[in-house]
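In what follows, structures are represented as structure tokens.
Each of the next two complexes has chain A plus one other chain: chain B in the first, chain C in the second.
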Partner chain A sequence: MLSFARDRILLSVCVLLTATFVGFLLLQASGDLAASLAGENASADDIAQLRQQLGLDQPLLLRYWHWLIGALQGDLGTSYFTREPVTGLFAERLGATLTLAIAALVISVVVSLPLGVFAALKPNSWVDGLLSLLALSGQAVPSFWLGLIFISFFGVTLRWLPISGSDTAMHFVLPSVVLAVSAIPALARLVRSGMIEVLSQDYIRTARSKGLPRHRVLMRHALRNALLPVISLTAVQLGALLGGSVIVEAVFAIDGIGQLTFRSIQRGDFPVVQAMLVFVALSYTVLTLVADLMNAWIDPRLRSRK
Partner chain B sequence: MTDTSPDRLPAATEPTPRRLRLRRALRHQGVVLGGGLIILAVLIALFAPLLAPADPIAQNLTGRLLPPVWLDGGSTEHLLGTDHLGRDYLSRLIYGTRVSLIVGLSVMALSGVIGTTLGFIAGYFGGRVDMVVMYIITTRLTMPSLLIALALIAIIGGSLTTMILVMGLLFWDRYAVVVRTATAQIVQGDFVSAARVAGASAPWIIWNEIRPNVMHHVLVIATLEMAMAVLSEASLSFLGLGVPAPTPSWGLMIAEGRTFLFAKPYLVWIPGIAIFLMVLAINMLGDGLRDISQPDGRR
Partner chain C sequence: MLHLNLKTGALAALLCSSVLAGPALADLASDQLDVAMSRETDFIDPIHTSSADSHLFGTLIFDTLMYADRETGEMLPSLATDWTWVDDTTVEFTLREGVTYQNGEPFNADDVVYTFGLLMDMSNGFRQQEQDFGNITEVEKLGDYSVRITLGEPEPVFANLLASRIVIWPDQYTAEHGHLIHATEPVGTGPYALVSMTRGSDYMLEANPDYFAGARPAPSIGNIRVRVIPETQTQIAEIASGGIDFAMNLNDSDLLALQGMPGIDVTYGQTTRSYFLSMETQQEEGNPMGNADVRRAISHAINKPDIVHGLISPEAAVLQTNCNPTQNYCLTDIEPTYAYELEKARELMESAGYADGFEVDLIAESGLRSIAEALQGELAKINIRLDLDLKPLPAWRTEYIQHESEMSIVGWGNGVSALDVSNSLGIFFNGSSTDYAYDPEIAAWTAEAMHTMDPAKREELYRNALTRINEEAYVVPLYGPVAAYVTSDDVMFEAPFIDFPDLSLVSWKG
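Presenting the complex of A and B:
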């Protein structure tokens, strides 16, 4: 188990380094940052001066190296725009985004689990049909549009909920539901297919023939085993929700890191964008690593496979 | 089940496997409904100049924000009304089908070529080659695709071509994962060993022996990717980093209509429903294709 964990962690670190380097390369090499930052009316001298000021005249590899050394010490650079340290900008806004992502995750799990279980108990019944319909619609609805529709309906027509900002808990209701809608289809479908597979196993028949009550068989014997892949997907989904927060925060004017990133993308504030890439990549890597290790710990057969 | 005794050769009148598959597809609700809607969208996109009642980018500042025909003051001249620059909304909606389909299909094809190639190589050769490809796939999965697309388009500048290239170069991961797994299984088949012994080259075997056996997986993934590309195009254009104005894109129409969300909500509803229907149709087709390619889905 230890050597499995060591190899797996080592691989994650390599992947993370490659991912940040590729991200760095893409952002830096796709255009002349200094020229676009200086604006259209800047002279060649202005641009050259700005380039030197921001260290953009150094070779790419050297710049990545400096950035990496800084990042490892918790220094993600300074915003080109506000001249504040990126770490501080992030820390101020992380709470709002995490609240949003976790609330969305809780909503999607609470909806997906019962829906998936009931659909699996009676395949091709009306519950199953409802799940397919919800999953198909949930996948097809653009989250920015759903956000606008929610705003006009719950915020303006019914006046039930606040529609923009992040001052109170109520402000997070609509955005987290919108974000959850994007995560529910995949989760519910995975719960359903996992349960259908587990329910056909011999140990379920044994448990039933022992005369155990139905709910006990379902909860203790079936659901527990069906949940393994769901845990992995949930970990991956949390990373996706952080990425999706860019759109939802823009629609609901929530001052989180998604909104910060979007504004930084618009004004070419490269250090902030790079920090967000690293943040999402790091969360994704850590979450999948934890899920993998957990699964390997629960199921020893997975350790030998790579 | 049909009689499969070896001495019984299929008669000339018996349906070919291809025709059987087609027949199964035509009995599947999702395939018929989803496929039908997509064919309709393709026809609308192709014949947009004939169908659209007006020029989608011609402004008419005296006829701004006219209501659609079912509201008070609406006229049959502008069935869906006009937008804030007096452009005919129905015409913009019709031309928007083009942007959506062009992005969806091109991204599907570009990412499909990249992903399936990587998947074939990893699955066929295995070992170290497989490890390298898996590393590339894992690295790609670690990077948030929507964020990178947004950032790249912001730097390069938004256009149809940029969007297609950026998304096509990012969205290949699912193809690669699925094709790799399927290829690794098929490579162990006797017919592949036979081709190898006969001296066939790797590209020949991949193209003639393996490709036909993984195509049904690729098709299902292709619909998923196309749906994702259509949604991403809408999101990017909504955020102002997709197709530049005045090109009629559904996402851009929602962004422009957003200002009038409270007074004229239909400006947001109409293009949103168009996106929803398009993605729904693609997903329904994809689900249907998966159903009929699985043995237990063949009812």
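Presenting the complex of A and C:
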């Protein structure tokens, strides 16, 4: 198990370094930051001076190296616009994004598990078809559209829930549900296919022939084994929810890191965008690593499949 | 397009639900004005950065030496009660006595000297510091309530800066905490004080009970809460449900949708911003737009009224000269102008040897997609095939500033700082990399006008420049947008003469 963990951690570090380097290259290629910051009425000399001040005249690899050394020491740089440390800007907004992502994940797991199990118990029936249709619709509907529809119905017409902001827990209800809707279909489909496969296994037939109650066969023997791939997908989904809440945050005016990143992309605040890239890459990598380790712990056969 | 249709569908549902929901409920009872902004501002003071959003807060929290009257644009006494131009580069101010900052610190000449000292120290890195404050050479205290400011060269638009960006900070508080303190815990003499903020999303301001009420009255609303709501559809939902009383960043399609909604008022005001079609006019082989007749043909081929009124707003100004008529010295009687005459455009293309047209890349900021596509359609009628390259603002700006544009849609200016035509002509016709006209005479005229105090002489210089620009059709002036303000009908608000609203002037009806 230890060597498996060591190999996975090394692989994760390689993935992280590659992601940050590629991201750094892409950001540098997206426009001349000095020209953008200097403003329209800046002269060529002003732009050159600013480029020098910001260190943008240094070779690309050197800049990446300096950034990497800083990042390893917890210094992700300073926003070019607000002049504040990027880590501070992130820390201020991380709570809102985490709240939103975790609430959405909980909702999506709570909804997709019974949906997937129910569909697997009656495969290819009209119930299964209906659930597949709902899942497909959930994935197909754009989150900004669904968000506005929810706002109009629950916020404006019924006035049950607040429309925008992040003042109270109630403010997170609508955005969490909207975000969850996009995560439910994949999870529900995976639970369904996993359950169908497991339910056809010999050990399930054995369990049934032993006269075990149906719910016990389902929960203890079938669902537990069907959950292995679901754990991996859930981890990836959390990464997606953390990095992909930009639109939902904009629609519901939640000032999370998605919004911060969106604004930073618009105005070319590279240190903030690079930090977001690290955050998303780190989230995915760590969550995938944790899922791999959990799966290997649950199923020892995986440890030998390097 | 799908995105647009889905959004439109969602908006329709939103509006139906808002009608069902009944009239909005303003915050009259709690005496709190809820305001929606679309963007986060980097700083809530206008010295560190210069944007419409920072000016919105700056006007509430701070005061300037002069105040630009929101109905007429006239410069009125504010922290300075009187001023005298000793010569073209020296102005002496008499300061108002008895004014205190929101922290109790008294206002006097030391504050003015201290603030100007910071402006003159280029190491402070304020945005566009050199451009805006680089001409200030000296500030002297003449007495406890009088100061003298000296400029390097005559600067006829200095008053615009004094009335917008140059707010006066308290010397002791700022010296103790550093000037960046005003980004988070600002202290001014203004009608409202910031009491709390969640940066980027929520700002709460409270009326200053000791406001001196000079050019503007004491505030009548107890509290102002400003919230950042990026999505305009969400702003509409908040307005419809009574969560917001005042919004000002809605586009024309949003405003059309709001028409007829109970409890909502829409007011239009002018802006100082203008948009034009920029062309690479250098006379070199392979550049058709180096030919003045081709540029004239382009000017004749664009049906500006239809595009502007159809895509921007029926209230937007269709420009014939390259400036917004709200700007000082924007002369609207310039000849020649170019009416929409397609046949004439085709004849000019033929006589220039381009009857079969040519291909050209048009770069624009991605928010201008509809205008770019409309221009693409119009110029196709004279066989000019535009290849659109729409990109985020920083990328567009980079390419344009580095003089890599063949054709581009350029938008420029906002607020009091753009109240003079020098703000645009002095940048796009000054011989720098943003000058695609290459006309040394225009560059000389605009340079001279920027340092000429005599109004008649300035008008003559700008008349020369604007006439030459039209004669040579160096650019195609397009439109001046409008500023729209949406309020709940409990709110009393008059649109300002330009896009520089002062929320301290808002009151409740009745």
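Keep in mind that, in the parts below, the second predicted complex is superposed on the first by the 305 of 306 C-alpha atoms of A that agree within 3 Å, B and C clash if a C-alpha of one lies under 4 Å from a C-alpha of the other, contacts with A are read in each partner's own complex, and residues count from 1 in each chain.
The definition used in the following text is that contacts are C-beta pairs under 8 Å (C-beta built on N, C-alpha and C of every residue); 3 or more make two chains touch, one makes a residue touch a chain.
Being a predicted model, the structure only gives us computed values, none of them experimental.
Look at chain A after the overlay: chain B and chain C clash there. Of the two partner chains, chain B and chain C are each touched by A:Ile265. In the superposition on chain A, A:Ala250 contacts both chain B and chain C. Using the contact criterion defined above for the overlaid structures, shared-chain residue A:Ala120 touches neither chain B nor chain C, since it reaches no partner.
Contact with chain B, but none with chain C, is seen for A:Leu16 once the two complexes are overlaid on the shared chain. In the superposed pair of complexes, A:Ile47 makes contact with chain C only, with no contact to chain B.
In the overlay built on the shared chain, the residue A:Val273 is in contact with chain B alone; chain C does not reach it. In the superposition on chain A, contact is made by A:Arg159 with chain C only, not with chain B.
In the superposition on chain A, A:Thr82 makes contact with chain C only, while chain B stays out of contact range.
In the superposition on chain A, A:Phe144 makes contact with both chain B and chain C. The clashing stretch of chain B relative to chain C, chosen from 3-11, 165-173, 255-263 or 291-299, is 255-263 in the chain A superposition.
Taken together, the two structures place residues 30-31, 33, 36, 142, 144-145, 148-149, 151-152, 156, 250, 262, 265-266, 268 of chain A in contact with chain B in one case and with chain C in the other. For chain C in complex with chain A, the touching residues are 3, 6-7, 9-11, 13-14, 16-18, 20-21, 39-40, 42-43, 49, 127-128, 130-131, 180, 183, 198-202, 227-231, 233-234, 237-238, 240-241, 243, 392-395, 397-402, 412, 426-427, 432-434.
Within the complex, the chain A residues that touch chain C are 30-33, 35-36, 38-44, 46-47, 81-83, 92-93, 142, 144-145, 148-149, 151-153, 155-157, 159, 162-166, 250-255, 259-260, 262-263, 265-268. Of all residues in chain B, those touching chain A in their complex are 135, 138-139, 141-148, 150-152, 154-156, 227, 231, 234-235, 238-241, 251, 254, 258, 261-262, 265, 268-269, 272, 275-277, 279-280, 283-284, 287.
Contacts from chain A toward chain B in the complex involve residues 11, 14-16, 18-19, 22-23, 26-27, 30-31, 33, 36, 132, 136-137, 139-145, 148-149, 151-152, 156, 239, 242-244, 246-247, 250, 261-262, 265-266, 268, 273, 276-277, 280-281, 284-285.
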